[in-house]
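Worksheet for the structure shown next.
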């Protein structure tokens, strides 16, 4: 379980996060939804210790993040993390080199699933393929938790479908996933839990199926209620 | 596999290590061979008399390598060949006070290594240095001179350090400590002072007395003073000097002083001094007078010389003085001979001359003469491949030659012909 | 340890093409400089000989040709200065390139399952190895160029210099290649320390951005003062108290304190303050 | 929501459901299964996709698929023997109940609509009869 406890984060005088708390369970897909602001990405960065927080605490399975955590949790940012000069195969070698959690079989599987050519250079990839390589590098790690920042933004519909398919596949099975989005449509039925963020606070944290069952509302209904209130 | 993956790292590291090791090995070989080994080769006599001498000088070679060098009976040491830390630390070539740094490390901190500032006996090690504080008023500089005194009691290992202003109203332009003596609990600081007075340049040889119980200057005694016209129309010059070996740090009861009158010759107008302040060729010496000053009684006595000696002294330039417990000596070179005048300290009478014949020994005029106990040491200042520098030791009492040797190169090869050596000091321990 | 080596190798690889280009430029420019300078000299000599002078007169007029003629020329020094400038710039770029552009490689580096300090040390090591590498390769080039010069200029007109004489004949070469190994160690140790301090300054900037520049400059200033503290004290209030060896040891200690302090501070910033 | 025999591949059913966003997804999945069973497109004892396959095909959360299967198992619509894939129930009574339930549901919806516009039952039933046959012919023609 990832526990985000009352974290605040200031950039200069601006409070980007102002006491954000939520949990994300293993085996569930948690979606951080925010229609504006930079809060979502900051939360993921904070979980990965890629940005310092001003107060609060983040625990991963009860522990603070340390260097060994990166074998248990990985982050797929919205931009590719590998060098443009690298071939896809170089990027994979790099990952295999540093991570015990690297699963070559799965990497190869993903390569053919995404129909990618390992000899292609990252700099020459299309937007959609870049996003897929980025996804591949994270998904091929045998980690318990997977964080993804806006995996669907700015790419074509077919790539989006392919990526969406990943969420229902064995590739994320039993893992805890946190994704951020500002646009819920693509993943409405994919997520377990929605965390609605606005202006640095969590407005509502709910289970999507429960809300449908007990309140008869779609996620967008709830968003409409919450954000326009 | 590992090699293949890390080949950049491995190759670069190997290149660096191999090249740098090769470079430093080659460099150390070059340094080792840059300067020839020198040795003190005995021509005749008893080698034991040169056991404790250190001859220091400079080595020059045509490719602009130069290094200070020290020659002893065991061989030569070059400053440039010292290890990094020796180079950093050492007073090289070591002089009469260099060993104090090892013996009295804390006492010697921040002290000039000039032997004339030191006095050493069984109980005390005394030091008097000069510090200057300069103030500027518009374009005029005002100097305040201070004696920095430090006296170490060797038995208690305590030192008494203090600073006192050199007394006097005049704005001194130069203050130098020539010798330091400890007499009955009082420091005697022999000081050479220079200043301008009424457009005349004044030189004074002073002895300041410092009482070590109060740390105050209790007396001063002007031994000799001269005034020389600084303007261009002068045609003569009076010179005063302390003839005692200024490198000697041991107890000396007497100061041997010289006052000389020099006249500008018709043909030569160039002025030239050697480092001891003795006027060299080009000047006609019209008079020389010698004095002895007793530091204890503060008595000042002229030395009466015979006409022969006086005339000989007027026609020579290389005059040096030496001192032991009971005798003062004046040495000079005349007609290819080194003459030593022996002056008894009890009645200031001049005894019979001791003569060393330099023509026979093949020694040039440019020499350094030193005396230690009852022996006289003479060293030639210059040498090159064709004409090695000679070192001789004579007996002061009998005038016998005890040792004759020369400084030569070990394993001479033709390539090192273009060198020159200049020796400037001889330390006898 | 293995991650550190892998990262070092990786950092080397990232600059390797550029590095080879620098080496290539050096070799080409210096070789051309040898050929050009030597031919110029021979041209002047030949002109004088053809106008009826004897060989001795020609030599008296133009002097014997030595490698110093080449090292004093612009085209010999230019590539060396270029290499120095490139590496100085790369001291900064080795960090900023991980943040610049769409591909934020810093994400990857800081999510590696290894101490982040290894990233820091690998970058420092890479810079250091590249500096020493250039130094070594230049030494090899110097030897080759010296031989090349001997092939072009006939014996009669030539004064042969050893590598040490070439180095000693030129001021900045003497700084790059000191005669004593300890001096070499000192020169490059200070260089290494400076790189580490600059790295820490960069990490301050990366952690706190604008405010970080001020903190970085402040940190560098403190590092400078700490390093020179023994000499400052020695020259001022301590009134030349220390012997040279003591001062050397104190400077060594203060240098090590600066290096250790910088590494500690960098470790702290990397783990607690860095922003990707 | 028309299924074709040709979509049955290797005994595994390929499905496509247009979900609405307001009802729980698992309920919609169960509803879909019931319809398939009632119409006979899912035959008794027929192997059905694993939870993972279902989630993947329907692009739904695997946990939701799991919940739907669990519910269906409790209702006896599907069963799982040891480690074998789950199958559609062979229990005729259950199938009959499902069928009746669906019909009843449809009828209830029909009644509610008809009542809301005040149509007499006979008139409505006549219209139902006419249009039901037409719709059936049309569908068969399409296929």
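Lettered A, B, C and D in written order, each chain numbered from 1.
By our rule, contacts are C-beta pairs under 8 Å (C-beta built on N, C-alpha and C of every residue); 3 or more make two chains touch, one makes a residue touch a chain.
In this text, all values refer to a predicted model and were calculated from it rather than measured experimentally.
Participant: Would you identify the chain whose C-alpha centroid lies closest to the centroid of all protein C-alpha atoms displayed?
Facilitator: C
Participant: Taking the mean of the C-alpha atoms as each chain's centre, how many Å separate subunit A from subunit C?
Facilitator: Whole-Å distance between the two chain centres: 44.
Participant: Which integer distance in Å separates the CA centroid of subunit A from that of subunit D?
Facilitator: Taking the mean C-alpha position of each chain, the two centres sit 35 Å apart.
Participant: Based only on mean CA positions, could you tell me how far subunit C sits from subunit D in angstrom?
Facilitator: Going by mean C-alpha positions, subunit C sits 77 Å from subunit D.
Participant: Two or more other chains in contact with one residue: find those residues in subunit A.
Facilitator: none
Participant: For subunit C, jot down the residues that touch at least 2 other chains.
Facilitator: none
Participant: Please categorise the chain-chain contact pattern as a line, ring, star, complete graph or other.
Facilitator: Its topology is that of a line.
Participant: Would you please name all pairs of chains that touch?
Facilitator: Inter-chain contacts occur between A-C, A-D, B-C.
Participant: Which residues of subunit D touch subunit A once you look at their complex with the stated criterion?
Facilitator: Touch list, subunit D to subunit A: 19-27, 52, 55-56, 58-64, 67.
Participant: Taking the touch rule as given, give the residues of subunit A at its contact with subunit C in the complex, in rising order.
Facilitator: Going through subunit A, the ones touching subunit C are 45, 48-52, 67-71, 74-75, 77, 79-84, 94, 97-101, 122.
Participant: Taking the complex as given, what residues does subunit A use to touch subunit D?
Facilitator: Contact set of subunit A toward subunit D: 27-29, 164-165, 167-170, 173, 188-192, 209, 212-213, 216-221.
Participant: Tell me, which parts of subunit C touch subunit A in their complex?
Facilitator: Residue positions touching the partner: 3, 6, 10, 14, 101-105, 107-108, 110-116, 207, 271-276.
Participant: Which residues of subunit B touch subunit C in the complex?
Facilitator: 5-6, 8-9, 12-13, 15-16, 18-20, 23-24, 26-27, 30-31, 63, 84-85, 88-89, 101, 105, 109-110
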